[in-house]
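The following blocks contain the structures, represented as structure tokens.
Shared between the two complexes below is chain A, which has chain B as its partner in the first and chain C in the second.
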Partner chain A sequence: MRVLVLAGFLGSGKTTVALQIARAAQAAGQRVALIVNERGEAGVDNQLVARLGFDVRELLGGCICCSLVAELAPALEALAATTRPDLVIVEPSGIAEPAQIRAALRFARVPGLDMRSVSVVDAQRIGELMEVVTPLLTKQMAHADLAVVCKADIASTPQTEAACRIVGEHAPQTDPYVIDAREPLDGALRMALLGRCTRW
Partner chain B sequence: MSAQYAERLDLIRRTIAMETVERVPSIFMGTAFAPRYMGGTIARFCNDMEYAFQVQLDAMDRLGYIDGANIASGGRIGPILSALWLSRVAVPGIELPEDTLWQVMEAEVMTQADYDVVLEKGWKAFVHDYLPRVVDLGLLGETFAWMGQNGARIQRSYVERGYVVITDAKMAPTPPFEALCGARSMQKFFLDLLRIPKKVEAVMEVIMKDVMADIEALPPWKGPGIGGTWVGGWRGAPGLLAPRHFDRFVWPYIVEMVCALVAKGYTPVLHFDQDWNRELGRLNELPPARCIFNPDGMTSMKTFREVAGDSMAMLGDVPSVLLSTGTPEAVADYTRNLLALFGNRGLLFAGGCDMPINARVENVERMLQVLREHNERRH
Partner chain C sequence: MHALVEPLVAHSIWTFARPLEPASAAAAVGAWLAGIAAGCPAPGGHVMGHIKAYASLPAGGCIQGNATSTRQPPHVELHEPAGTALVRLDVTLNVLVVGLEHAAAGGQAIRALDDVATCHGFTHSTSILPTQGEH
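What follows is the complex of A and B.
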């Protein structure tokens, strides 16, 4: 089972990116499930997501600090036992860290579990957020396999360039993809996320 | 007070006082675990106040090898958390399916304009007007009335069954950072720290005036019991917040509150979720052997022992994720390592934060079995 975890601060655009990835995967003939923490942050209505034809499961986790890692493995195990999707897109809480999630999944009883993480960065706010939430955002970027700079359509050019520089500094392992998440993913990003590549 | 209760109370007090003890005490922290373990639902736990009280005690009896609990449950957890954390809380059986955990809704409820309201009217007056935005006042009132009527009975029940409740004092002061972040949401509040720091600071001072007055009004703690008071710190955890903001907006207030509580004889239970590794040395600024560090599996216990392990006892810290997804042997290994790290000094053994709703029973039992083996070997 391929698992794609979207790591990014609250309001960074994770849900919108998740839906675009789901649409692209579905168009490529893949069975897709989404695991989201809808109520922990304002997000897309789960019923809307279900109407789009995706299998969606909700993670509920008490307080915001509980980044839902204890619930994730059982949710994946349930999917592996029932609908067996080709791809599971996980949108954990905005303070979840990829390394923490990876460690939490080491006991998951899911055959062929292969996790990758995508850092979702808000072009408009990342500059300010890096001044405050430095430790968290640094960890989210440092452990990402791929980075996406969102909201390029509403951010200014200097903001987007600054966001790319920040990603370059903290996630040197990947070149960021700059996107307007309301638009379908372009070919290069689709390939990086879904296609055959050495990273997956 | 039975001999068993007296022995356990003495053991836990000496552990908090950082003495080397003859056995490591075992503490139940599993508010969310208890209902399912006893065949009930979380919805019933959240909405049936008497059941919420009884089910934890029954779970402790059934598990066995337990000396006490971090808190005594009872009442309706949703309204209580909303009143404490100033956020809406979605509750199973009402907004959520029957057997899921409750969920704090991370959304802006307090607006930026409300800062000026606090400055003008004061914090308590603001909260009085604010609370209807996050909680049904009728439910909250009923909950507090029930807890007032039944608090003594609840405490007595624990004593009669031989269990020590650690967080047994009535007050749970909320640090200003946690209150404002809960009300504003992380998204908004973290940017407030950057964009309007002086205003945030001014509001924090107003909040602290009330918090410190409430602590001052507390009677000195003379027992019986531990006198534990919950002091929360997770939104302002060092794992989230840059050092200069932690230094300015979080730590000084926690120090002031904790020192005032200790001066009155209370035992602050520092419920510090998230990653506190960077600032563990700060714990040495607090009165030694008078507080309890209560993490959630994200802080390194090795680093805690090295840096602050002589300053205070630790309540925990078998991680939730290990209890819910690990194997019994992985849990056993972790438990043995934790016991080896602490020895018989400064450890109040428990699951980290709160045992999760989906903790595997075989893992919880294995954890307690390893603790028992450790204690019996030492004896």
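What follows is the complex of A and C.
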């Protein structure tokens, strides 16, 4: 089972990216599930994702990198034992630290667990956000196996280029993919996210 | 800027004086988000967090929107297969903005909604869930 942990600040586009990945995986014949975490007790993203017909587990009213961390591995184990998805997309709250999520998931009793962290970067706001919440954003990028710069459809070209430079500085282990919410994910990114065992 | 991050969750029931087209309801949701965002001064006009709303529609559709900037209108999507006119809308609001305390966010949300309700001709009953503390 592949698990993609999305990491990105509040409003950076994680839900949009999660849905793009989920649709691509479904189109490739994979069974997909999502674990959606929101800080508030009544979520918004979970309602949207569920309405679209995806298998969703909700972890609400806290953050899965700290107060709800003990609930994360059991949620994944429950999915593995019941719906047996090929792909699980974990969408944490935008203030979560991915390293702590990955640490928690290492203890999940799931056969063949293949975990990747995906950093989701807001092309429009990353410059200003880095001035305000530097430590959190740095952590969200530092542990990324993949980075996507999103909102390319509404950001200016200089903003997108600047976002790529910031990713290059803080996540030098990965070349960022620039994505547009209006377009399906391109082939190279789909391959990186979903692996080779897919039908396109 | 204080790095406080404290979520606000509100449930709001809107009652329309006369049946309202879903597109008009979506516009009202967008106006609410914009009104809240306008009270979140931030570098470059960007909201240092997110302001999101979701409302299910009776025919199975939904209205969802979010605001992350004061320089651009909120992004609002209307998914309404049947297009049935609405007499009521149940909206969930999430506000999570760096430095914006729960009480301040709640006050801002109510003030912005009062303005939108007056402008669009509806009444609302809004409850704000208790604070869950900081991250």
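In the analysis below, the second predicted complex is superposed on the first by the 172 of 200 C-alpha atoms of A that agree within 3 Å, B and C clash if a C-alpha of one lies under 4 Å from a C-alpha of the other, contacts with A are read in each partner's own complex, and residues count from 1 in each chain.
What we mean here is this: contacts are C-beta pairs under 8 Å (C-beta built on N, C-alpha and C of every residue); 3 or more make two chains touch, one makes a residue touch a chain.
The structure presented is a predicted model; accordingly, all values stated were derived computationally and were not measured.
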Touch check for A:M141: first (chain B), second (chain C), both, or neither?
-> neither
Looking at the overlay, does A:F107 come into contact with chain B only (first), chain C only (second), both, or neither?
-> first
A:V132 contacts which: chain B (first), chain C (second), both, neither?
-> both
A:G11 contacts which: chain B (first), chain C (second), both, neither?
-> both
Would you sort A:Q124 into first (chain B), second (chain C), both or neither based on which partner it touches?
-> second
Is A:I179 contacted by the first partner chain B, the second partner chain C, both or neither?
-> neither
State whether chain B or chain C is in contact with more residues of chain A in the superposed arrangement.
-> B
Check the residue A:I154 against both partner chains and state whether it touches chain B (first), chain C (second), both, or neither.
-> second
Between chain B (first) and chain C (second), which does A:R51 come into contact with in this model arrangement: first, second, both, or neither?
-> second
Enumerate the residues of chain A that count as touching chain B in its complex and touching chain C in the other.
-> 10-11, 39-42, 61-63, 66, 93-95, 125, 128-129, 131-133
The residues of chain B that touch chain A in their complex are 32, 81, 85, 90, 95-96, 100-107, 185-187, 190-191, 193-195, 234-235, 237-242, 245, 273-275, 278, 296, 298, 320-327, 330, 353-354, 356, 358
Touch list for chain A against partner chain B, complex | 9-11, 39-42, 58, 60-66, 69-71, 73-74, 93-95, 100, 103-105, 107-108, 125, 128-129, 131-136
Enumerate the contact residues on chain C facing chain A in the complex.
-> 1, 3, 5, 7-9, 11, 42-44, 46-54, 56, 62, 64, 66, 68-69, 72, 79, 92-94, 96-98, 129, 132, 135
Chain A residues touching chain C - in the complex, by the definition given at the top = 10-11, 38-45, 47-48, 51, 61-63, 66, 93-95, 122, 124-125, 127-129, 131-133, 154
